Amino acid sequence: MKKIITVLLSVLLLSSCGKEGVAKEEVAKEVVRFYGWGGDSNVNNYLDDYIAPLVKEKHNIDFIRVPMNIDEILLKLTNEKEAGVDSGDIDIMWINGENFYNAKKIGLLSEPFTTSIENYSKNIDLNAEFANMDFNTPIEGLEVPWGLARLVLIGNTNKIDELPKNSMELLDLVKENKGMMTYPALPDFTGSAFVRMIMNDVLGEEVMANLGYDKEEIRIKLMPAFDYLNELEKYLWMNGETYPKDTGVINKMYSDGQLLFTLSYTALLADRKVLEGEFEEGTKAFIFENGTLGNAHYLAKPFNVSNSEGANKVINELISFEAQIKKMDVNGWGDLAVLDMDKLNDEEKEIFKNTSGSDILELETYSEVDAKQIAIIEELWEEEVLRK
Amino acid sequence: MSEVKIINLTKSIEGKYILSNVSIELEEGEFLSLLGPSGCGKTTLLNAIAGIVAIDSGEIFFGNIDVTNTPTNKRKATIVFQDYALFPHMTVYDNIAFGLKMKKLSKEIIKKEVMELLEVIELSDKINNYPKELSGGQKQRVAIARAIAIKPMVLLLDEPFSGLDNSLKNTMHKFIMNITKKYSITTIMVTHDKNEAFKMSNKIAIMLNGEIKQIDYSKDIYKNISDIKVVEFLEEFNIIKGKIINNNLVTQIGSFEIKEKQNKYLVFKYDQVHIKYSKDKNEMVAEIIEKYYMGNYTTYILMYNMERIQINIADDKFDVGDKVNIEIKDYKII
Amino acid sequence: MKKDKIITKFIISLFFMICILPLIIISLFMFVDKWVYPNIFPSTYTLKYLLSVIQSKELPKAMITSIIVAVMSAVISVIISYPTGKALAHYNFKGKHVISILILIPLIVSPLVLVSSSHINLIKYNLHSTLLGVSLIHTIFILPYTIRIFNDRFEEIGVEYELQGYTLGGNVISTFFLVTLPLLRVSVMLSFSLGVIISLGQYLTTLIIGGGRVMTISIILVPYIQYSEYQLASIYSFILIALTIISYTLIAKLYKNHLEF
Amino acid sequence: MGGRSIKKIESKYRPYILLIPFIIFIILMLGSTSMIEQSLGYNNQEGISSITFKYYEEIIFTKVFLESIVYTIYISVVPTLISLIVGIYMGIAVHFNIKRKNRLNNIIQIPIIIPYTVYIFCIILILMQTGIVSRSVMNLNIIDTANDFPLLIYDKFGVGIIMVYVLKQVPFVYFIIISSLSNMDRKYIDVALNLGSSKIQVLREIVLPYLRNSIMTAFFIVFAFNFGSFEAPFLLGNPKYNTLPVLSYKYFISSDIDKRSYSMVINTIMIIAVVILLHIYIKYNERKNRRNYEKR
């Protein structure tokens, strides 16, 4: 009998100090908490094994990476805003495209801070489109571009002799190899980009540039693209009965030989996976001749950032030349850098030139649609393609 | 000054009266049986005395102390539940010692008291056994020992013998009577078996739907019986309904002189009737219709002027169909 | 009876296989490097994933945090569900019906809603992003089961032991410690271990209420499951299962050497 | 235990004192009614303060919502029935046929110990088109390419989801049945057999009615859990068919902030549906218990 009470009491003591334990450790060292998607171990390793020691050594900051999807981050911040938390846990958040629009709209972001980031003006072309507009939402110094994303298709050249140059050729190829291709169901980020790329290719860039904001109008404008996608669906994997949840699953299916194609927003993913031995030798990344979808992913600070100084220092490191080049390393993450060629000195230009993937940056990209329109496109896709 | 005094105890749940104006008075060492059909509120009364059930109104005195609002743990009235409720996780020793431990007595005193009690209930060898290793009779003795250990002002027993077989019942009857006499503990026992009540207690209270209809010394119960419902409950009387004609109660089997006006029943016990073969025609004649041989007596059912009469007599020579005349030795008019 | 025996043995072995199969697969996948589709056994093995996890500095901290949170939520759940179970079993009172509905709400309402509304509340009490805050949110999902365990056990033992304790002079506290609690020891242990198991399995609650400061094993594990990193997911799953089984057997040991009443 | 002379303790305040920790906890955690407010249109971020049923109308009659109700019922009822049938069968079979139970009970406890997320992961590994089952089927060359293997996860019928629920809930049902069977008195069965009833009749007339109460409890808890559970349908479900919790999550997380009110509408409707169900269940229980009580 006595034993149970002693167990319960000792546990209570242990647990109460547990709470202090966490708090005490905070005061001693300076900590910066980085919140972002944690699904890809290469990204995680880049941050944990390269950035964290770098930041520790240079600024004696403890870089803590927290795996959390952007929509959960926004949920957490919305709750914290409603409950009036002025000093939260998040210092840096990894934000992409359409979520920036919502975060900005309900005031979840910090004051403009890009001016106090030294490398921002030093390494990045300030009047580049991605530095000022994020999915047609003016950035106004609220987020710093961290990497560029180019939607690429990935094909198995051992089994396909000639990679398709446009959507029609893709359709014919898929007809020949029935069930050997699929794309992630919207609202997945890459799936949404693929659908928009198809729309740009089928309808042309001007139609996509002025879609307007009325759902029914957009439905009519996009109808030819939906017809194409419904036609494509008949020959997709499991004849389009279901679409996988995200690219992770599709990459796995590709590496198991179930599919001839996969797709990714990380342009160098194909080369990286080939090096890791996950993809076959003949796997090549390619894009359509009229160009592909390109946008950037960004680093932002929440309205209730607690360690704003530390966050600025870390962001500054993240967009430093060395970090950006290391980020592009095919054996690591393979994410395209945001560096501006003219702002680099000759030696840096040299290094940049022969890191693989720098050529992709020259590719033609469509301009992105507005974040609000993306939400409508996602709804329409579900009504016109998924549920048809 | 009486040991236990209960005045006008009432209790109702959702408007239905469970106990209505129950009053009892007991001297020290008396043994009262609460006798009544199941659901008549006798167990609730017992629980009320023990203090584990709240009452609406009324007072309870132990000696001269008013315990009406005293919590049960200070009331010194211990109860033995129908299924004994021995603490399953305690040995026999710990069970009996529980009450003493609560009074924070020293270890030695507790040990002495408990060993002594174990002697009395002849279970000294079972000291370290757990309740589930004991038989029904043994469990009961431990339960009673546990209840007596703290020398309560009143011992309350809730149908103590319902779970035991007959032979064991008799031994337990003797055991409880001796032990209550030995420690001269005022005891109230709840039972629905009238033989048990008459055998064990010196006072009996007959309870019917929440009221004490009659409370008397056991020997006077039959003598002072006055409530027809009690008569029916005791199931030992013939009840003959009659009409009152100028202060005589005229019934099928004769008319009887009455004192109070409202009495309407002629009651007489089954063994207060004699029968003999009828020689003379015009005398009262009854016909035997059923006969049961009951071991130490015989029961005859007679039809007399359409009144059904039962008699229990030792003589078994009569047979069904005989014509007999009856003679009522002792009767009462209620 | 013969036929029945075979069928039962078959069902049991089927179930034995289904219970153990997941463990086998997980422990296999931890070492897989390449597993070309059609063949049954992995083509090449590697330890690199396992080594990377073992060397990662987050692992020990995450394990300790998971255990502390699990134990705290189990303790809080027992403290809350013991009296609630007793109230429901041994008393009739006006709001009883409402309470029995309230208890089952966490089981039914979608977790997201519970987490969000609790998150706002916990922030008001400055409990967000703390071990205690996370334990409290886990408790919400443990209570329906633990209250059930206590309620059933109280109904089983009835009120007579407790009343007997009172009539024999015991006051509320001594009767609690000497009579009622010993009879409930089994339920305390069962609820405690169930609390630990449920807490270790929580993800969304720890993520949102813990706000990234409270890093448990499942916080690291779930993203890897979602994004098909099978090797890492297997390793962390294995750690989570090992943690659960160890704490379960430890607690089971504690109550095994007490007689079962 | 013999007939109990006293069933409940009569006391005005004690039950409420006992409930204090629970009440404090519930207020501390779920005090804010923001959820229901938001479903009625009140959303303090946006400053919409008027209570409107707009969101209810907009969502209730859409095809997506109605389909989702049907799908949720399907996804909660089917695994519950399977788990009950298998769990009951195993409970009865083990109780009457197998003597050495504890070794078996330890093994069957394993699914209860393994958390849901890990189980979902195992089901993916087993049932995916390049999973264990598909590999073995492939080697028996019943199918020749991975794509011929039927879709068991992310599929229309939610086979993966049902498998996860069944694997997790059969042991739960099994334990409820075993524990209530263990304190069932053997003599009822011996009497029935003695009166000439066959094994099947014993099962139907004696054992199952005796277990009715625990079966009802098991059914309710398992069904309630499946009805509101989120992880399995979210991770293993088909994007076209969403259960209510998944639909609510999608609206809650969607980039369009005022869709969040739809999510609150769905959650409120789910709560109401289940509270009604619970009400019926508790009334059924009380009426049944009261009848037993009087019969004694």
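All chains are identified by letter, namely A, B, C and D, in their written order; residue positions are counted from 1 within each chain.
As a working rule, a residue touches a chain if its C-beta (ideal position, glycine included) is under 8 Å from a C-beta of that chain, and two chains touch if they have at least 3 such contacts.
Note that the structure is predicted; figures quoted are calculated from it, not measured.
Asker: Tell me which of C-D and A-D has more C-beta pairs in contact.
Answerer: C-D
Asker: I'd like the Å distance between the centres of subunit C and subunit D, where a centre is the mean of that chain's Cα atoms.
Answerer: 17
Asker: So, what's the distance in Å between the C-alpha centres of subunit C and subunit A?
Answerer: 35
Asker: Compute the distance, rounded to whole Å, between the mean C-alpha positions of subunit A and subunit B.
Answerer: Whole-Å distance between the two chain centres: 87.
Asker: Two-or-more-chain contact residues of subunit D, please, as numbers and ranges.
Answerer: Counting only residues that touch two or more other chains, subunit D contributes 1, 4-6, 9, 11, 34, 130, 146, 235, 252.
Asker: Among all residues of subunit A, which ones touch two or more of the remaining chains?
Answerer: 72, 75, 82, 245, 252, 256-258
Asker: Using the touch definition from the top, which residues of subunit B touch two or more other chains?
Answerer: Counting only residues that touch two or more other chains, subunit B contributes 52, 81, 83.
Asker: So which chains end up touching which?
Answerer: Final set of chain pairs in contact is A-C, A-D, B-C, B-D, C-D.
Asker: Which residues of subunit C touch subunit B once you look at their complex with the stated criterion?
Answerer: Contact set of subunit C toward subunit B: 160-161, 163-171, 174, 178-179, 182-183, 259, 261.
Asker: What part of subunit D is in contact with subunit B in the complex they form?
Answerer: Going by the criterion above, the answer is residues 1-6, 9-11.
Asker: Over in the complex, which subunit C residues touch subunit D? Could you list them?
Answerer: So the residues of subunit C in touch with subunit D come to 1, 4-5, 7-8, 11-12, 15-16, 18-23, 25-26, 29, 37-40, 79-81, 83-84, 86-87, 90-93, 96-97, 99-105, 107-114, 116-118, 120-122, 125, 136-137, 139-140, 143-144, 147-148, 158-160, 162-163, 197, 200-201, 203-204, 218, 221-222, 225-226, 230, 233-234, 237, 240-241, 244-245, 248.
Asker: Please name which positions on subunit C make contact with subunit A in the complex.
Answerer: 33-34, 36-37, 52, 56, 65, 68, 71-72, 75, 78, 116, 119-120, 123-124, 128-132, 135, 177, 181-182, 185, 188-189, 207-208, 211-215, 219-220, 223-224, 226-230, 232, 254
Asker: Which residues, counting only subunit D, touch subunit C once they are in their complex?
Answerer: 1, 4-9, 11, 14-16, 18-22, 25-26, 28-32, 34-35, 86, 89-90, 93-94, 97-98, 104, 107-108, 110-122, 124-126, 130, 132, 135-136, 138-139, 146, 167, 170-171, 221, 224-225, 227-228, 230-231, 235, 244-245, 248-249, 252, 263-264, 267, 270-271, 274-275, 278-279, 282
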